[in-house]
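Take a look at the structures listed below.
There are two complexes below, and they share chain A, which is joined by chain B in the first and by chain C in the second.
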Partner chain A sequence: MRLFWLECKRMCFSLAFLIYSGLVCAFIVLNVSPMVNRSLTEMPAPSHYDVIYASDFGTLKEGVLEQLVAEYKENSYTTYSLGFAKTNSLKANKRALMQTQISALKHSKNRQTFNAGLRRVDTVLGGHSAYTPANAVTLAERPMTKSEAKRDYRLIVKRDKISGTFARVFADIASLIVGILPTVIIISFCYSDRRSRALATIQSKFVSSGRRLFTQYWVSLIVLLLPVLAVGMYFTLRVISLYPNQTIDLLAFMKVTFVWVLPTLMVSSAVGFLTYQLFGNFMGFAFQIAWWLVTTLIGAQRVDGNYGWLFMPRHNSLHNVTYFYDHFAMFIINRVSYAILALAMVVAAILVARVRKGAYRNAFSSHHQRF
Partner chain B sequence: MSSIKVADITKVYRKKPTPALNHLTLEIGNGMFGLLGKNGAGKSTLMKILTTLEQPTSGRAEICGIPLTQPGAIRNIIGYLPQNFAFYPNMKVTAALSYLATLANVPVREQRRRIEQLLDEVNLTAKANVKIQQLSGGMLQRLGIAQALINNPQLLIVDEPTAGLDPEERIRFRNLLTDFASSRTVLLSTHIVSDVEATTNRIGILEHGQLLFTGTTNELIDAATGHVFQALIPLEAAAQFKQTHQISEQVAQADQIRFRFIAGSSTRSPIAPTLEEAYLFLQAEQEGVLP
Partner chain C sequence: MLFRVITKDFKTNVWSMSTVALLLACLILILFNLAPSSLAQAAMPGELFVPLIAIICLPTVFLPDQAESIQAVINSKHYRLPLVRFLRVSWFLLLLSMLDAGIIIVYGLHGVAVPLLALLVDFIGKVLLLAGIIVTIYRITQNIVVAYIVPVTYFALCLGYTGLGPFNLLTAMHGRSLLDCWWQIFVALLLLVTGLLPFRQARTYLD
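Up next is the complex of A and B:
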């Protein structure tokens, strides 16, 4: 426990942490404040109903065919390999094939045959298109009906208790910054042992490298979450002051910080520890930038409710609340999975550290017998 | 009982054609032991193996009866001052010792008393709340010795501790080491002969990863007796004299230079060798370059 506090102190008083805290607070406050200033106490007017992705087959079929036919006429299709948008055109033989598939989609009677047709369209386009069954739902966009808007509003007031709605946007924004910055902070933290020539002294002490690394990992989770918690508290007070006559969920920002943001932090921090053990330099940050960029681009295809296997789940909307609660189980599976992945990476980092020190060779070597 | 037993240890680094340690066997008892050798002789490699920072390619070793296969147990009974000791520059002296005491498994309730006592012993009490980056080279080395003693070790291993220190700090540091050696085993690794001469009479000499000599300083000097000579040479002949002799010392005296040199034999009368000359004699004899 003493080591835990000493590592906390060491990390908290580092320049890297101060810069990190400033960047995290500024990024979240600047991006979330405009949203918090919007009023959620009244039902919006019909002209301001939020746009949602319809789940009914008719709307889906209409939306997909509308876009596909337009792209066919232009012979210009957009695909999203690793989240990067790319425009493709088809040669004559594939255009003919696409025409056949469009015709088949028009005559689809149910979702099953429609989805099969979508998969064929995606194959013709070489994959990663907007027409996979999973991606195609984004083409079924339409404004909410009055009853849907009412349900959304009820969920905001009764279930989210207003602060929960803002907290989702807060978590969405916080995840974006926490998904990348901790990696470089951790690598810098680990590198300080070598930079200050402290490594040999530390490694000659009783506490093993593995135990120290594990302690530092837990410390990083708490310390690097502090700025997010602080901003969360600030927004809780802000919401209380903006809605004095409403029942507010006082813990909403704390809940999303631990359930939504923490698993992302666990991963980005673990990447720092693991890659530093593997490479001993800042190469891990390049890896994390690539992962972050791909996730951000994939997530950007649908920012108002996009969970799946995204490392940083997206919900950059004060509405679409029904979608969130309908997909809550999926969201939790996502978060738990990333938390497990992070712990696995930390265990891997400890094993790499032990292997580097020859621990296993030492344990199993036949040369090392007693006198 | 020997504090350190090393048997047939070899260490080969990847991409290095010759082994850093080559079938090294050595036994060290209680008290201070000086390990002499040129840079690259394998001293630091041996220190790292004994402190479990590195693993030997083959061979075995024990420290106070504990084999290298139990690194945790070994680290619990040793103190280590690495070559070029440094620590987090922004950390204060007391905070650094507290951090390292925690890593060394020193109980929290004992840490404060132990740190105060060590700071007093190394004369750093006045610098307790100073940042490490503000310490002089000598103070940093004294902090290094304090951290190495934080767990009250049975064996203290110090690697090139006086490199970079001014003469006053070097003497102060040697005295400190001698004081500590009265109650524990100290293994001092250095390439500076005078460090060993001033602190112990038990030495080992390492060359190309192998042990050239182990014994007392008197035994080493005895081996060189009859092989050190002195000559007064005119200035104009000095350059040629230096080319044909292995010089251990030269002192300018008006229009002459007084040379001390090492040779297998000479027409001149031999003089009493110093420890440094005995060390040079041993190396020259080993390399077959003795005139």
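Up next is the complex of A and C:
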């Protein structure tokens, strides 16, 4: 326990943590405030109904064909290799093949034949296109119907109790920033032991590498989550003051902080520990920044509800609530999987640290035997 | 003598990160379309990817001499620490600007219909601005972590926040005028002067 408090004190009183806290708070407040300022006291007017992705076969087929035919005419197709948008042109033989696939899609009678046709289109384009069964849904946008808008609003008031709706946007933004900054904080935290030449002293202590690293990891999660919790409390108070006559879920921001943001923080922190044990420098940050950018760009293709296997799930909308609850199980599986991945990375970091410590011990013993 | 300082320091401290920067730059060939059909697409490598390489590489110029004892040794020599750091930063600025120029040359060879010279200035402006932020932040805080997290947060803000006006790094990608980059270059030069000129002896505060 003493080690825990010592590490807490060391991290909390560092300049890096103070600036990290300021940046995290500023980033979340700047991005979430415009959303919180939007009123949810009444159901939106028909002209302001949110746009959703259609799931019915007719609208999907129409949307996909409209986009595909337009791209075919211009011979300019957009693909998203690792999330980076890239335009490609097809040669004459592949264009002819694409024409065949378009007419096959036009004549598809059901979803099964349509999906098979989409896969063939994606293959012709070399993969990573919008024309996969999973991605094609983004091509069929339409405004909500009145009944869908009513259901959406009912969920906001009854199930989300208003604060839950804002909390999703809050978690979406908070995940973006805790998905990257903790890695570099942790690497520097570990690096400072080496820089101050304390590593040999630390390794000679009674505390095992496993216990020391696990305690440091545990401390990092608590300390680095503090600014997110603080901003969550601030927004809870703000929602209470904006909706004084409504039933508010007072714990909504706390719930999303632990369920949505914490697994992302666990991973970015674990990457810091593992890559430092492996490389002993800031190289892990390059890896994390690449992972973060790819996830951000893939997530940006559909920000109003995109969970799947994303490291930072997206839901940057006050609506589309039905979609969130329909995919809630998938979202929970995503978060649990990343939490398990983070713990596996910490175990790997502990194993690497033990191997290193063993190597040092062997080096010292052979040195003593020699002299 | 100055040439010897440059080559020795380059071999010891800058070479590895320069290799990483070049390896990352190779990804541009895979990830981006080098014959883009619009200005927004043409701007992607230089506004989105090269600035990230800058964020990864530039703070490392301060990494080798973090300990006060090392700083004291360097400062006891004919060429002092601010000059050594200035040379390292200049090297990375040159490397990243050459990367930007390389992208523009490839666009030119493919006959891409975008204002190439304006785009090159825009690309270099981003690198200069990030370099300015990094060196100034390091000068103020003397803390390597802060020199990493401030530009990363700025970059993350540029991706989604609309209130940055002409200081959004994704100028052409967000459909803004390329003239915005002159504001960025102006501020970048101010920051670079503030961060690199040896106004007084720098001290290091660990952590």
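Definition applied: the second predicted complex is superposed on the first by the 358 of 371 C-alpha atoms of A that agree within 3 Å, B and C clash if a C-alpha of one lies under 4 Å from a C-alpha of the other, contacts with A are read in each partner's own complex, and residues count from 1 in each chain.
Keep this in mind: contacts are C-beta pairs under 8 Å (C-beta built on N, C-alpha and C of every residue); 3 or more make two chains touch, one makes a residue touch a chain.
Source: prediction; values computed, not measured.
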Touch test for A:30: chain B only (first), chain C only (second), both, or neither?
second
Looking at the overlay, what does A:86 touch: chain B (first), chain C (second), both, or neither?
second
Which superposed partner A:212 touches (first chain B, second chain C, both, neither):
first
Examine A:192 and indicate which partner it touches, taking first as chain B and second as chain C; both and neither are also allowed.
both
With the two structures laid over each other on chain A, which partner does A:184 touch: chain B (first), chain C (second), both, or neither?
second
Touched partner set for A:6, first chain B, second chain C, both or neither
first
Hey, what residues of chain A end up touching chain B and chain C alike?
10, 192, 196
Of all residues in chain A, those that touch chain C in their complex
10, 14-16, 19-20, 23, 26-27, 30-31, 76, 81-82, 84-88, 176-177, 180-181, 184-185, 188, 192, 195-196, 281-283, 285-286, 289, 293, 296, 300
What residues of chain C sit close enough to touch chain A in their complex?
20, 24, 30-33, 36-37, 41, 44, 48, 52, 55-56, 59-60, 63, 66-67, 141, 143-146, 148-150, 152-153, 156-157, 159-161, 163, 205-207
How about chain A: which of its residues touch chain B in the complex?
2-3, 6, 9-10, 13, 192, 196-198, 200-208, 212, 357-359, 361-363, 365, 367-371
Enumerate the contact residues on chain B facing chain A in the complex.
5, 7, 48, 51-56, 58-60, 62, 67-69, 71-72, 75-76, 78, 80, 82, 84-91, 95, 98-100, 102-105, 108, 144, 147, 151
